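The data blocks that follow each hold one structure.
Two complexes come next, and they have one chain in common, subunit A, joined by subunit B in the first and subunit C in the second.
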Partner chain A sequence: MGNYFDFSKIPGLMASTMQAFPTTVKLVVWSLIFSLLIGLAFASLALSGNKVLNAVAKGYVAFMRGMPTLVLIFILYFVVPVYLKKAGINTDSWSKDMFIIITLSLSSAANMAEMMRSSYLAVNRYQWEAAYSVGMTGFDVFRRIIFPQAFGVAIPILGNNIVALFKATSLAFSIGALDLFGKVKLISGRLYGLNRAELYLGVAVIYWVVCVLLEWATKRAEKRYTRGRKALTV
Partner chain B sequence: MDFKFIVQMIPQMAPALENTFLIAVVSAVLGWILGMVIALIRTNRVRVLARILTVYVSFMRSVPLIIIMFFTYFAVPTLIAYYRVEHGLPVENIAGNTSLVCPIAAMTLSEAAFSSETFRSALSAIPHDQMEAAKSVGMTGIQAYFRIIFPQAFVIALPNMGGLFIGLIKNSSLAYYSGVVEVTGFAYTLASPTYQFLEAFFVIALLYEALSFVFSRLFRILERAFGRYRTGIVLQ
Partner chain C sequence: MIKIDDLKKSFGRNQILKGVSIEVEQGGVTVIIGPSGSGKTTLLRCIDFLERADSGRLTLGDITVDLEKCHKKDILAIRRKCAFVFQNYGLFQNKTALENVMEGLTVVQKKSREEARRIAAETLDWVGLSDRMDYYPVNLSGGQQQRVGIARAVALSPDVILFDEPTSALDPELVGETLELIKKVANRGITMIVVTHEMAFAQDVANQVIFMDEGVVVEAGTPGEVFSHPKNERTKQFLARIIPEDTIYYI
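Showing the complex of A and B:
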């Protein structure tokens, strides 16, 4: 690589990039909260037993599966505000981060809904009957019997979804939000494109480390949570 | 909504659609071949290579595709230019390359990592006895792979490959940042002068939905067609 790829520049560039880490974390956390809530709504629709509601939930999941995140960002950032304005809602004061959070919440909600639906169905339905037979009632059964088991099934999927969400925040730069990658673009502009390779490699390493940590934490959480539960899920 | 705009937009979209397809298909073919090679090296635990590839797969799966794409589009040409300047070679036509090479390279490298995981789990689903049985009737390792292992592993991997391909079509939208006019880039450029984002994005959103629908159907048909090879596996 000679003298045009300077490894000694990487730590400094990574440090400047890391200034945007709180923004990325903010995007992930808010999108996670909202996507779980929206996902819960769609999962309940899918499990409601009503054909129409089920179709609505399925349609939403299929729609999000087919939609590139970048296109969704563009639609929500460029198209929707025009119509919100017509409806009397002014979005001029909304920050770019907010649009990214809305986009990622909507797209991740599909994955979350699928996660909740499949883990709920993974719990044997005889568990309901067994719980009823010992005198438990509706929500109690869900809270004390079904949910704890379904949650164990969901942990690895949730981990995957969080990793995907974290990676998806890298598209925030497309509308000029300053997440990790937005910051990289900013630095790159200030350096007039110098040391680009080092800069990109640095941010790639940041993403790598965080993803590996998230995966490790997921595995640990799953192991902890499902310890001694094996007998139940069989 | 301006329907005139839509009517004018659709016929112009052909080259952009072609680019989207080319990017997705070429990176699928190259990425899956590479992914298969990675999977084979890792399942057979080839000494140093397997270790290196484990790191490679972990890295590529963790880093957002857009960063890999920026690397192949901005950083690599810069490095090449430095190299060429140093050796007194001409440097024209290196930066601002709008060919499909950069996005396809990025997507192939990342697809190789993602698909290798699919292929690895498919390969590990075939019991090792099959390899031994094939060898006991005189097949070589390569024959055993191509006649016994691959056909069965392929059937197992097929549903995931469908998902991967749809992912590629969606991810090809990022090629817009590599100066390639694919569907998303086309819509954005066409809509910008008159701010007709609604019409432009409405059309391409429908297009992406249609593509993902068609290809998920297509892969389901393939699954059904190849499903008959599956019976042998379940019995074990």
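Showing the complex of A and C:
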């Protein structure tokens, strides 16, 4: 006995796990891009003032909020392709990564939409009036006055959303994609279950370090974009 | 010259302005007084299209527009001839005092950054804020913020500056110095329309005083005419309420 836990195994296992890091980064970056685009679309609907479009945006957000990501992955990976095939669209050539990106984009888009909507509304409407009064066009007002302030409000939420997205990529293993955790499952299988504790701890450390770095970057960005918001003394 | 003809504006079923016509001469200072809810602020906001009037005509210099159906281009043209000083200062929160003044000069008037910076610095110096140029609005007192707001308006060298109760949000001790500054602006010969409750200021600076009540102009004339010899009963009542026993003091 005495072999319940072997620290010396961890670095090697972490190195093997890290081979899948580029895949996880790929999943995060693409999901982030698409979730921001889809989120922007739904935020625009929510702010449009049109009752029908508002309801569409609200419905989407409400639906995604109540939908566990793992369930959505299974629906999109196992169920939807069957119906798509009937409709003449063959998804056999689509990679697992692609399904993960679609799922995470759709589920994160709801958070992104809410982030954009609330940040936009957090900017005082007097800022519009002030900018109009100096003769600026609507586009200039948004670009130079409203967006920078809304962005400052959004940064901490954006940081949270990215961290959540990053951690959600660990669900990719469930359909056999080879992200960080998928790789861990693969290694674990090859070792017949040996050194599981070291393996899981190692991958947890990887996730944790990346999250800490993201949080640090968020704080820095927030400081930079909210310079006009806090009083000097404090 | 500014001329407003038969301006009407309702919010829902509540008619705020019931056909207002006023005329302001070039270089003159017009002060609009009247009880709360009489439509003074709404009138001012309609001139700068911060509120869209239902009908009426507006002449500003060589532009005349029909307020009911005027195009974006006209709105922009009018706004670029006007500057607005807000009750709550209306400074861009994400910009320093200097940047607040520069913004319209660079983005709207397309001046170079150097020229805009020079004009902005000069104007801030003129309002007495040369040592606060790099401060964000949150780090300025109310009086200082309003100075920046006035500097921003003056720096644009507009045809007219519209002041919407510029001292109402200030601490009493800061009201006097802000009024002094507005007087200084008037002495530069800029056309001004000022909505205010400061009767002493009106008497002191105005060429024309307009008394509004319930969405109409009740009386207009020189300060002497309106304050000392009001013709209309409503004007008399208002002045009696606001200036007890013929003394004038800051409200």
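Before moving on, here are some points about what is shown:
One rule holds for everything that comes next: the second predicted complex is superposed on the first by the 226 of 234 C-alpha atoms of A that agree within 3 Å, B and C clash if a C-alpha of one lies under 4 Å from a C-alpha of the other, contacts with A are read in each partner's own complex, and residues count from 1 in each chain.
Just so it is clear, a contact is a pair of C-beta atoms (placed from the backbone, for glycine too) under 8 Å apart; a residue touches a chain by one contact, two chains touch by 3 or more.
For clarity, every value in this text was computed on a predicted model and none was experimentally measured.
In the superposition on chain A, A:Val82 makes contact with subunit B only, while subunit C stays out of contact range. When the shared chain is aligned, subunit C comes close enough to touch A:Gly152, but subunit B does not.
After overlaying the two complexes on the shared chain, residue contacts for A:Tyr126 are found with subunit C alone; subunit B is out of touch. More subunit A residues lie in contact with B than with the other chain of the pair subunit B and subunit C. Once chain A of one complex is fitted onto chain A of the other, the partner contacts of A:Val134 are limited to subunit C, with no touch recorded for subunit B. Once the two complexes are overlaid on the shared chain, A:Lys9 sits clear of subunit B and of subunit C alike. Once the two complexes are laid over each other on the shared chain, residue contacts for A:Lys58 go to neither subunit B nor subunit C.
Taken together, the subunit C residues at the contact with subunit A in this complex read 48-50, 76, 79-80, 82-84, 86, 88, 90-96, 103-104, 107-108, 135-139, 152, 156.
Residue ranges on subunit A touching subunit C, taken from their complex, read 124, 126-127, 129-137, 140, 144-145, 148-149, 152, 227-232. Only residues 58-59, 61-64, 66-68, 70-71, 74-76, 78-79, 82-83, 86, 166, 170-171, 173-174, 176-177, 184, 188, 191, 197-198, 201-202, 204-205, 208-209, 211-213 of subunit B touch subunit A when the two sit together in their complex.
Looking at the complex, you find that subunit A touches subunit B at residues 1-2, 4-5, 62-63, 65-71, 74-75, 78-79, 82-83, 163, 167-168, 170-171, 173-174, 181, 184, 188, 193, 196-197, 200-201, 203-204, 207-208, 210-212.
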